[in-house]
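In the two complexes below, chain A is the common chain; its partner is chain B in one and chain C in the other.
After this line comes the complex of A and B, so read on.
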């Protein structure tokens, strides 16, 4: 079908529309300039405030050795799966519940007030599985923590003493040798800065150590563990990282 | 000495040629899109997945572009009404049989990993039908405008029900563009705009999420939830780009904070990677695309053909400007992809189809 519209009129109308669109493009470009260049410093300051965090890396508490150099008390890393808060939206709550039923059938019901311990002593393959399955649910976290393990008879364990977590989240000795040599065993926590994403997860690419952790020193006690003594596995206290 | 033209023969014996340059530009733009998608996903668990998929779609898109350019435009003109009816039907069916992705009920699931978004192809067929119908006779009668508006309104309504507010905006822009260049009465057009504006206000009033987006846009510090949060994130993402960007593959802020950095937030992610200079290149590229299609439409004598060719350039320029404006905090958030560059097979293939059809129309000059 050949043209019935006037070519001049068509050209003029298209030029008018194009001019409007190019003006719009120029305004958009000005906006990009404003945020990318003119207002950059202020936005970056705000962005750093909301996303960057400083965190402590706890120092590894030193070991207590018997007089023959055999470990009698030491720190051990373990992981727990914790529901830190229940999702606000009903849909999200239902999605998480379904995911949990599939991945973790024996998980406790959400009856108590969070945080709720879903599973303790995670195996390495469980850590990988849960990290993947709950990636979109920042409410569920795999929390690493340290616990103190002691070996020997109950008498020796009593001499070794106990630890507890103080208000700053550090493990401190509260009795026995743990208390007596607390300064030597404690070490000094390190510091890192890291960017968090919108779900509160660490962006590992941004992690920077600002102060290296200094691990606690080993302390030698005057008792001797009987030959063949194995760790009792008894868990005295623990502290979260 | 005889001059050699770098072109691919697509017409008949005497038919005009599809410029080689256009094909080259599309390939370069498509590859830039793949690179941008990779950059936006660089810090995800599988950074290459979306970029590689897009590369496959780009290959398919080039084939669609060439094939669509081979078909005579008269065939498209004859099938315009049928294609538009097919569009309306698919937009209706997707409401019942489609799947929801990113809060929008707008995809048909073909296989486990393959989905098709009918509205992407629908906007091409809608534009084609509108161009043909609006150019059918010269009389800009009220009845004709009313009929075209009614059909357009039906398509827009179906999109709003998904809800795809961004897609509806692009359809509406296509309607305005075609009617304006086809010589519709200004008062009729103003009435159509007013009616749709009223519908838009009713839609916003009935949908809390849309209202929150606008309130969040007007006052990003006002605590209007996730939308105000997204607006701030767009600002921070661009700030990370500065003049020249943080290098490809370093769009960390986009990856960590932007919603859908490889689709609806791609422009902001590109600004983070390439800075204001990279953003300007993208904006100028789309402006050049609009100007190129406009110049191409002037050479066509067939009314439907020239309206369609201008419409393709203008519609995708509008879509790009909506995307860029949302990403640069000039408009409230709405989900629209950046044509040619954003991830998505339906989006890329439909753009290539539209461009191929436009070159087919230009061939019949």
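After this line comes the complex of A and C, so read on.
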């Protein structure tokens, strides 16, 4: 009699445990179905928004050459080290300050409102150094910029003309040959997509170039630069972006 | 005699299970190796694409930096591509 009751109790307990496991499995399966099928598109969109970023690879504007093939106007790519925002946490702020004193002695004080230019015209070895040293500080970024450089006398520079950034962030010629040959000189920026980690660093394994940058074409003008202009020519510069 | 026969049958099952487990492990290892190989190939392709993208910008680098740009960008193209890219926005 007691044995039958014990067996009945064991069966009941087994049934309860099995029911619990089955319910748990059903709920888990329902969740998997919900996220993998019903909310799939929404989940993917959310994931893309949170982790994936798209950036542009700049294209170089074509050069304007004189009739002898000597460059009279060209684009120069340079890099700046920028403090985009000051960290909110005092500890992080102190860490960044210490790192900056070590890596970049004589950097400007953080008195103004960010973004603060820390260093301009970075050399390639500085790009490597700062990218490594500030890897854990997304507040500090290396930012590319372009400038258009022209050589020759003021008359020649006037003939070459000027460029400016339009509303879409593209560099266009606004006067002289820069304007006349804008279509030929303009390149097409490339595009890259990448996943970011929580520090805003690129996960290089996820990097994908979706569109190659196409540099603008060179254009030959009908004037000739005076001898020796290339080496010691006057240069005027204006930032393109 | 009966128990020995039973034990022998039990051992067969254990042996079968062990072979099955080993096969699955080998299968898994094979797939892992395949995955590693394809990851390495993909990483190499990305590196080449980055190197080309960065090399295309070399003409825009000031002449005094061009030599070191060429060397360093060739060694770490992803880093330089990041330094050259702008307008980061959600996809």
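Just so it is clear, the second predicted complex is superposed on the first by the 184 of 241 C-alpha atoms of A that agree within 3 Å, B and C clash if a C-alpha of one lies under 4 Å from a C-alpha of the other, contacts with A are read in each partner's own complex, and residues count from 1 in each chain.
We adopt the following convention: a contact is a pair of C-beta atoms (placed from the backbone, for glycine too) under 8 Å apart; a residue touches a chain by one contact, two chains touch by 3 or more.
For clarity, every value in this text was computed on a predicted model and none was experimentally measured.
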Identify the partner contact of A:79: answer first if only chain B is touched, second if only chain C is, both if each is, neither if none is. second
Touched partner set for A:168, first chain B, second chain C, both or neither: neither
Identify the partner contact of A:31: answer first if only chain B is touched, second if only chain C is, both if each is, neither if none is. first
After superposition on the shared chain, which partner residues are touched by A:192: those of chain B (first), chain C (second), both, or neither? second
Could you tell me if A:117 is touching chain B, chain C, both of them or neither one (first, second, both, neither)? neither
Once chain A of both complexes is superposed, is A:183 in touch with chain B (first), chain C (second), both, or neither? neither
Which partner chains sit in contact with A:136 here, chain B, chain C, both or neither? Use first/second/both/neither. neither
Please indicate which partner A:205 is in contact with in the superposed arrangement: first for chain B, second for chain C, both, or neither. both
Touching both chain B and chain C, residues of chain A: 205
Interface residues, chain A side, partner chain C - complex: 48-49, 52-58, 60, 74-79, 121, 123-125, 127-128, 131, 142-144, 146, 169, 190, 192-193, 202, 204-205, 207-209, 212-213, 215, 241
For the chain B and chain A complex, residues of the former touching the latter: 43, 77, 135-138, 177, 180-183, 232-236, 238-243, 252-253, 255-257, 271, 275-276, 279-280, 283, 286-287, 290-291, 294, 297-298, 301-304, 306, 310, 314, 317-318, 321, 324-325, 328-330
Contact set on chain C toward chain A in their complex: 39, 42-43, 46, 49-50, 52-53, 56-57, 59-62, 65, 68-69, 71-73, 76, 78-91
Mind listing the chain A positions that touch chain B in their complex? 1-5, 7, 9-11, 13-15, 17-18, 21-22, 24-25, 27-29, 31-33, 35-37, 39-40, 43-44, 46-47, 51, 195-198, 203, 205-206
